[in-house]
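In what comes next, subunit A is part of two complexes: it sits with subunit B in the first one and with subunit C in the second one.
Take a look at the complex of A and B:
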C-alpha cells in the first residue's frame, strides 16, 4: 500500500468525496447499462430498428453497432472522468473550513 | 514464404525487439520488473493497455465474427469496447491509489488475508490461461496463412504457435514491465497502422460501407460447414425468428433474444477482472493519471473496433467477387465464402496489397498476439512470483531472486499455453462458433467477470467487504461460470443455452450476493478506514504531482545554469 497519505485528507473529507463519486459512478453506469441493454433490445423488438435504412443503406441498429455506441462510450468516459476529477479537486486537497465537514453528500466546500 | 511478406514481418519483429532491448529494466527491483517503476505516462500507458487488450480476438476475431454473423458478430466489438466504461467509473483511480502489484495482491492487502490472495491467484491463473490459449491459436492460424510451411517437421500451425510463444516469453523474461510497456505501445501503433492502412486501401478501391450492408442483407446468410461430401454452404437460421433465414444486417444470425444481451454484459463486465489489463493501472504515476488513461483507451478502442467491424463487412462483400481474379482464394473458400473466418483480414490484405499487404496484416495479427501474450505472461509472473513465491515459498527472497522467479514463471506459463494450443484445431469449430479465437476469449471474460469483477468492485466501494465474503464470492463465481459453461457447451437448450455459454449475466450477481451475505456474517478488516483514505483520497496523487513539478523545475534550472555557464 502506498504511504503517501498526508494530513490534508481527513476521513470526513474522503468519506464525503467517496459518497459523491459513488453517486456519479452509479449514475453514469445506469446510463451505460441502459444503452448496452437497450440497443440490442430495440434490435430484437422493433422491426423498424433493423429494417429501415438510414445513412448509405445501414439500418439504425447496424449504425449503432458500427459507430454510434463507441462514440457514446467515449462521451460517457470523458464526461465521467471530468466530473470525477472536478469533484476530487474541489472536495479534497485543502484544509477543512471551520464548523463541519468539508462537503457532505456532494455539497461544495 | 515470399520476399515482401518476409521483409515486412522481419522489420516489424526487429522494431519490437529493438524496443525491448532499448527499454529493458535498469534495476533488478520487483517494482521495476513488474511495475516499470510506476512512472508510465498517460498516453504511453493508454497505448500499452490497447496493445495488451487488442488481442488476436480483437484483430482477427471481431472481423471474423462480423464476417460470419453480421450484426450479431458486431456485438463482440461493442462488448470489448464497452468494458472500459465500468473500469473508468469504478476501478482505475482507486485501484492505482491503493497501489499494489497485482489483483491478488490488491485483494489480499485490502482485506488483510493470505487466503484471499491465494484464491485470487488461482482464479487469475485460470483467466490468464483461458486468454493465452486463443492468442496462441491466433498466431498458429496467421502463420499457416502467411508462411504455409512448418519448421523441423512441424505443421505450419504448430510452428506459428511455438515460434510466437518462444519469442514473446523471451522478450518478457528479458524486458519485464518496463520493456513490455514500450513494446506493447509500439505494437499497438503498428496494429492500428495495419488496420488503418487496410481500411484506407479498401475504401480507396471503391468499397461503400452502407451499400455493402444493404447488399449483404438482401440474401440469406450462408456459411461453409464440413460434411460427409466435403465443405458446403449452409444457410444460417434466424435464432430470434425461428423458421426464417438469418440476414447479415439483422440480429439473430448467431444469438437469440437473451444471447444478444448476455454476450455484451459478459464482455463489458469481464474487462474489470482481466489481470493483465488491471496490472497496467499499477504502473500509472497517480490515480488521476490512471483515470485519464482510461479515457484515452475508450477513444482508441472505439476507433479500433469501428474499423474492425467495417473490415469484417468489407471482407464478406468483396472476397466472393475476387475469387476469379485470385485463384489462390479457391482453396480457402467455398463458393466465395472463407472456411476459416479468421482469414478475413489477411485475405483482404493480400487481395489489395499483394504479398506485402498480406505481410502487413499478418504482421499486425502476430503483433496483436505477441503484445497480449506478453501482458498475460507478465500478469502470470506477477501473481506467481510476487503473490506465491515471495509471500509463501521464499519470504526472505532477495529482489534478484524474486525477479528470477517471475522470469521462470513466464517460461512455464508459455510452455503450458503452447501445449494446450497445439491440441486445438480451429477449422473444426467454425460450424459451431462465429470465431473460435473470439469465443475462447469470451470464456476468459466470463470467468473474470463472474469471479473477480464483483469482488473487486465490492472491495473498492463497500467498506463491509470481508476476506471470508471475498473468498466465498470468488469460489461461487468461478464454480458457477465454469459449470454453466460446461453444461452450455455439451447441451443444446434453446434460450437457456445462450445464457449458459455467456454466464456472467447470472454468475456475477450471484457471486456479488454471496460476497455480501457472507461478509455481513464476518469481521471487517481493522484497517478499513486507512484503506479508504488511500483508495479514495488524493493526498498521494498531489504529493506525486508536486514531486513531478519540482523535478521538472529543477531540471529546467539546471539546464539554464549550464547555458549561463557556457556563455
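Take a look at the complex of A and C:
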C-alpha cells in the first residue's frame, strides 16, 4: 500500500518531523499575525502613518495597503512553503545532500 | 568575524539605512526619533532571530585571501614583529612558504640574497645568483652542507669559502644558520652578500631561531590534526561488534516472521555503516548526523521493541548547522547501552537540538530516564579523566572522553559538554558548540 509516506521512517521520526513543521507553522503564523495586527494598530496610534506623504503623494499606510501587504504575503508564503518542504526532506528518508534546499531558504522567525 | 557574521552585520546596516531613508528622507514630514528608533530595533531583532535559517545563505568554501605579490620581492618598512606574526613558514617548510618567507625577511637581514633550504634541496632563493642557485635543485654550496651537518651557524668571509661551483657567482660572503625542530636540523637559512662584509651573525641566528620556532609550531599543528584524525578513526572503529551481532540476530529472527521488516533493517544497517565509513573531515550538517542517529536508534528499537522509546525535538534552524561528525550517535549509544538496556521496564531517549541566535550557539541534549550512573563515575567523567579499562566496558566512558577531547581540539574553550546524572533517574548530556 502506497500511502505517500516512505515506509523506512519510524513513527518517532514522523512524529519529530510533524512537531518541527508545527514549530515552523506557528512561527510563520506569529509573523503573519503581527503584520496583520500591526497595520491597523499603526493607523490608530501613529498619525504619521496616514498623514505624511512618501511617494507620489501617497501615505505610508496607503502604500502598505496597496502594495506592501501583497508583497509581504507572497514572500512569507513562499518562505514558509520552501522551509517546510526542506525540513521534511532533511528529517525523513535517507541522508540529505550537504548544502541542500534549506541553506538560504525560509525565514524562520 | 566568522561564520556569516559579516552578512548579518551588513544586513543590519542595510535595514537601518532603509529605515532612515523611508522615515526621514523620502517622507514629509519625517517620523519622530523615538518611533524611528523603535521601528529599527524591532526590525533588527527580527533579522537577528531569523538569521540562522533565513540569512545564512549558500555555504561557500572559505577562501584564504592571497597576499598580493610584490613586484620588487620585498616589503619595505616591515617591522620584525609584523614579520613574526605573518610568517608563512607557520604552515610548514614548503617551497611556497619558503619563497614568501625569503621575500619577507630579505630587507630585515640586510642580505643581498636569501636562500632557505631543507636538508636536501633549495626551497627558495631570492636575489643575485638565482639564475644558477635553482629552486628544487640539490644543495650546491659546501657551506650549506657544513651548517646542516654540524647544526651550527657558519660564517664565510671569502668567495671561495662558499663553495659555489658556478664561476660567475656574484656572492662573496655568507652566513648560514641551521633551522631546527627541537634537536633535529630540518634545513638552513642562508644570507648572502655580494661584498666583503657578511650579514650580522646574531641577526641571522635570531631570525633562524624565530623561523625554527614557527616550524616547531607548524609541526605541533600537524600533530594536533593527526591526533584529531586518529580520535575520529578511533570512534569509527569503536562501533561495537556486539551491536552488529545483536542487529544481525534481530534480523535473522525477523527473516521468517516479518521478511519486509528484516529487509528494512538490513537497509538501515547498510546506511549506518555507509555513513560511519564515508564521513570525511571533522564536520557535517546536523541533518546528516540526525540521519545517522535515527538509523542507529531504529536498529536498536527493532531489538529492544517497546522497551526503547524515542522522542526527537529538533529546531528547524539547527538542521543546516555544521556539527562535529560522529558526536551525537555515541552519546545516544551510551544512553541506550548504559541507561535503558539495564532497566527492565525500558525508557525513553530524548534528543533535543536548538540554535540560540543571540549567543550563536548550537545546543544538543541527549537525555534518558534509565538507570543513571553512580556519583563517583560521574565525578571522574566530569573531571575529564580517561576511564580505566574495566570502567570503559561498564560505562562506555571512552566514547565520552573521546568526544570531549575532539571538541577541545576543534573549539578550545568555546564549547561545553555537561553531564548530569542521578542513579535511578537517568542521565542528561548537553553539548554546546559555536554555531557554524
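What we mean here is this: the second predicted complex is superposed on the first by the 88 of 109 C-alpha atoms of A that agree within 3 Å, B and C clash if a C-alpha of one lies under 4 Å from a C-alpha of the other, contacts with A are read in each partner's own complex, and residues count from 1 in each chain.
Here is the rule we use: a contact is a pair of C-beta atoms (placed from the backbone, for glycine too) under 8 Å apart; a residue touches a chain by one contact, two chains touch by 3 or more.
Worth saying up front: this structure is predicted, and the values here are computed from it rather than measured.
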Greater residue coverage of subunit A in the superposed arrangement, subunit B or subunit C: B
Which of subunit B and subunit C A:83 touches, first, second, both or neither: second
Touching partner for A:60 - first (subunit B), second (subunit C), both, neither: second
First, second, both or neither for A:8, with subunit B first and subunit C second: both
Which superposed partner A:20 touches (first subunit B, second subunit C, both, neither): second
Common interface residues of subunit A - those touching subunit B in one complex and subunit C in the other: 8, 13, 15, 24, 53, 55
Sites on subunit A touched by subunit C in the complex: 7-8, 10, 12-13, 15-16, 19-20, 23-24, 31, 46, 48, 52-55, 60, 79, 83, 86-87, 90-91, 94-96, 98-100, 102-109
Subunit A contact footprint on subunit C (complex, rising order): 22, 26-32, 35, 46, 49-50, 52-54, 56-59, 264, 267-268, 271, 275, 284-285, 287-288, 290-292, 294, 297-298, 301, 309-317, 319-320
Subunit A residues within the subunit B interface of the complex: 1-2, 4-6, 8-9, 11, 13-15, 17-18, 21-22, 24-25, 28-29, 32, 36-37, 40-41, 43-44, 50-51, 53, 55-59, 61-62, 65-67, 69-71, 73-74, 76-78, 80-81, 84-85, 88, 92-93
Parts of subunit B lying in touch with subunit A, wherever the complex brings them together: 71, 74-75, 77-79, 81-82, 84-86, 88-90, 93, 97-100, 109, 208-211, 213-215, 240, 249-251, 257, 260-261, 264-265, 268, 288, 291-292, 294-295, 298-299, 301-303, 305-306, 309-310, 461, 529, 531-534, 536-540, 542-544
